[in-house]
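Letters A, B and C name the chains as they come in the text, with residue numbers starting at 1 for each one.
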């Protein structure tokens, strides 16, 4: 269980999700149950089966190299939480040591 | 014995009009921020990617030219990570089934032909640009950063080599040759300064028992010479560590252009887990044979091939051939001129000296010029026939390239024909002798070199249009008469 | 004026000039005003937007070019509508105003429809009860203490109550069919690739499809005709030409072979549901002349884990774009990037969404990819092949849409696994990519029970045909829940 909590924290970091201590406790139990249930899949022999990544047997879906007008800068930035000089603004990327 | 083992990872922006997965223009060099963006390339909720066929074709063209095997079945995958220049939170790339595998690049190292094998070539999308603001303008010191997505979604071709490169110089030469090849194929503009060609290096040191050492990755190299310098530094750094019995740590290091050293990237602990999985929004690519055949036909002979041909068939020197084949358009131009003019050496000279000096002065590429083989050849012929002098020929070339007026018209309009009217010249000679008593008396006293000064004066008077040899002999004649 | 129950009724009134578009819209707006405080199906009803819609449609004509002329349609709030907030029932998109219309919206508008409002859903379409909405649950109009199903609860209820004639939802694991069953209306999940996903906020890219809710099968056919078909903006959209979905309506289904998979009719299905549906099976055989054939789909028991591994993996990637930088919720107090990501996403997403993102991230991560994601992708092939095999011997496969009657609010919310089990009948359909429809089959304790018809790829016309035949005998299209007394 403790081991799984470590896993959970590591995974939450990969997904850039903050979890409160309470959430960690609740989710770890729930997720462990779910994952145990998923073990069921190991019952099936899939050694000769191809994984299904796409539903329809489509191939080579592409378009001609033509330019279409881009969207107005105003609309692109319209929903942005913080904008400066018509760019999206983000805080310090590298943390203070 | 320490042997450097180097592999390169090269990214080249492809010469398509529109982006990889949307129809925004790729012409982002001077565009104001976030003006070449649409919901697709900015990753708005609900959007879907649509593959640019031309991008696929350009990768295939490159792969065929470099002797790769085109995959029968290829697909896109998502590379998942968080960074502000990656609005979807994943990059659409190719992981285990790239468009091409294998292949090689050949190039010359000190007169010998070296072959570096390729591991793979694949297609992906470029990220946006970050502008770091605050104290310094580097990432580490920035207080905050600004994101411009104009570049986001531009098609990128990634080529990965096998670790066949054995020196820093080889690495530079490889990259330079690759660049020329990509330009010949019209696949990429290959400009490192502008970022359309980028390179990361992997380097380790092999000891003589053949055991590969630990690899480090070098990033942030922005020019061919930086690549060479960075690798030289890193080779030395690793060798020193080994000599001292210390370990080389597997890590990513940044090339610091100012300090000319590589440094550990601060704060980078474990390797990122990209959680690759097949891109569900894009069906796989099964390249039809007909398309391969069609593309194969568009592949021109490669630069090295043409260079060796010039050396062999026309006895051009390696240096001359290198210059002429540095751009495909220039090489094609050379060939066209040869159809009209047979003195290869002279033609080569005019190109490698006069034409190149113009390009260097004007900071242009050959393909930016408006130049016709027949006009270029005409200028050379006029000089050959002494209709104009060589210096005048050079001048006419420049005027022609600047204005695109025909050489004959320029000559006529500006009266640049070589003055060979003897009577006129004799008059000028007399005038110069009369006007330069001291020089004349020096000459008479035995200072024979002064004649050059006098020749210069005559040339000045005739605006360089007199034949040098003729002027010199006329002067000598006159001066002799005076003795 | 009585209820407005169908497109035909409304169009007849338009033709006879007995009613205006404005009056029709007002009729539905009145219902919304009256009933939505009780059921909370809608997240947004914007009068200005509606007025503009009416103005736009008034310029058109009632003719074949505009089969949805003047018909109000409610839209699930994970389908993008230009200039009208699209929240996915999440705090993280609470104020998001799209600058473009989803392709289905564009087509609906092109055909003369009036977008009347955005409906409630489980956050980012993740849920089976619409309790996971950040803006409060939707209630089942047949019993306000019960859930309407999910994730398209709002769209289902809007049609069930009569707040809108038609609506659109999305279905990734049953999110159209299960709420249709819980609320007593028709709900169709088309074949994967039939309807463009451009403008549908992605949950699980290889499973999502947009589909309609309606009261009458003809109306379902008409709206499907309007939205189905190739879209070059969606690379997974089918290039096949689409048939006329109205053509087969009314034709007999005599002799049709209907597969009854024992795995979906025996264990796990509640008595109450079985009681109602046994009668449906009789009707199909006795009254409609179809032949019931018992079949077996043994890999059904693996569908749930397969679905949840694939769906959450794709979702974890699709939801990475909600990072507080380009749009959406941002905790502005954060001073560095990583904190910005973690806090904004931690605060903006609800718990079910977070749970699924973590599950999916885990299933794709180094060391687990093979055992989880890859394994599930392989089992998916097995499930799909099983359906393909079955359809060689039968025309249609049927099952209960839901193994249980609508449950009470709060009953399953603490136990995610219990919630997931609600979808065992609907999930296999999405995994295989085939189309399916839920038709109201009866009531038990005044709670609706749905019957699910499943067909092979691109057999929507057949599904509509059998649903039409069934509805001729079992017709609840004019039965409305009694909310007057509350």
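Just so we're on the same page, contacts are C-beta pairs under 8 Å (C-beta built on N, C-alpha and C of every residue); 3 or more make two chains touch, one makes a residue touch a chain.
All values reported here derive from a predicted model rather than from experimental measurement.
If you sketch which chains touch which, every chain touches every other chain without exception.
Between the chain pairs B-C and A-B, more C-beta pairs are in contact across A-B.
Taking the mean of all protein C-alpha atoms as the reference point, the chain centroid lying nearest to it belongs to A. Separating the centre of chain A from that of chain C, both taken as means of CA atoms, is a distance of 24 Å. Taking the mean of the C-alpha atoms as each chain's centre, chain B and chain C sit 56 Å apart. Centre-to-centre spacing of chain A and chain B amounts to 40 Å, using the average Cα coordinate of each chain. Within chain B, contacts with two or more other chains are made by residues 39, 42, 50-51, 82, 84, 147, 273, 275, 280, 282-283. Each of residues 14, 16, 53-54, 56, 58, 61, 63, 71, 76, 88, 90-95 in chain A touches at least two other chains.
Annotation for chain C: residues 96, 99-100, 206, 232, 235-236, 316, 320, 323, 325-327, 337, 341, 361, 365 touch two or more other chains. Every residue of chain B that touches chain C in the complex is listed here, in rising order: 39, 42-51, 78, 80, 82, 84, 87-90, 147, 273, 275-277, 280-283.
Partner chain A is touched in their complex by these residues of chain B: 16-18, 23-25, 32-39, 42, 50-56, 75, 82, 84, 130-132, 139-140, 142-149, 266-267, 273, 275, 278, 280, 282-288. Residues of chain C that touch chain B in their complex: 79-80, 86, 88, 93, 96, 98-100, 102, 197-202, 205-206, 232-236, 313-314, 316-317, 319-321, 323, 325-327, 337, 341, 361, 364-366, 369, 373. Against chain C, in their complex, chain A makes its touches with residues 7-8, 11-20, 23, 27, 30-31, 33-35, 37-38, 40-44, 46, 49-56, 58, 61, 63, 71, 75-76, 78-82, 88, 90-96. Residue ranges on chain C touching chain A, taken from their complex, read 95-97, 99-100, 192-193, 206, 232, 235-236, 238-239, 299, 301-302, 304-306, 308-309, 316, 320, 323-330, 332, 334-338, 340-343, 345-347, 349, 351, 354-355, 357-359, 361-362, 365, 371-372, 374-382, 384, 415-417, 420, 433.
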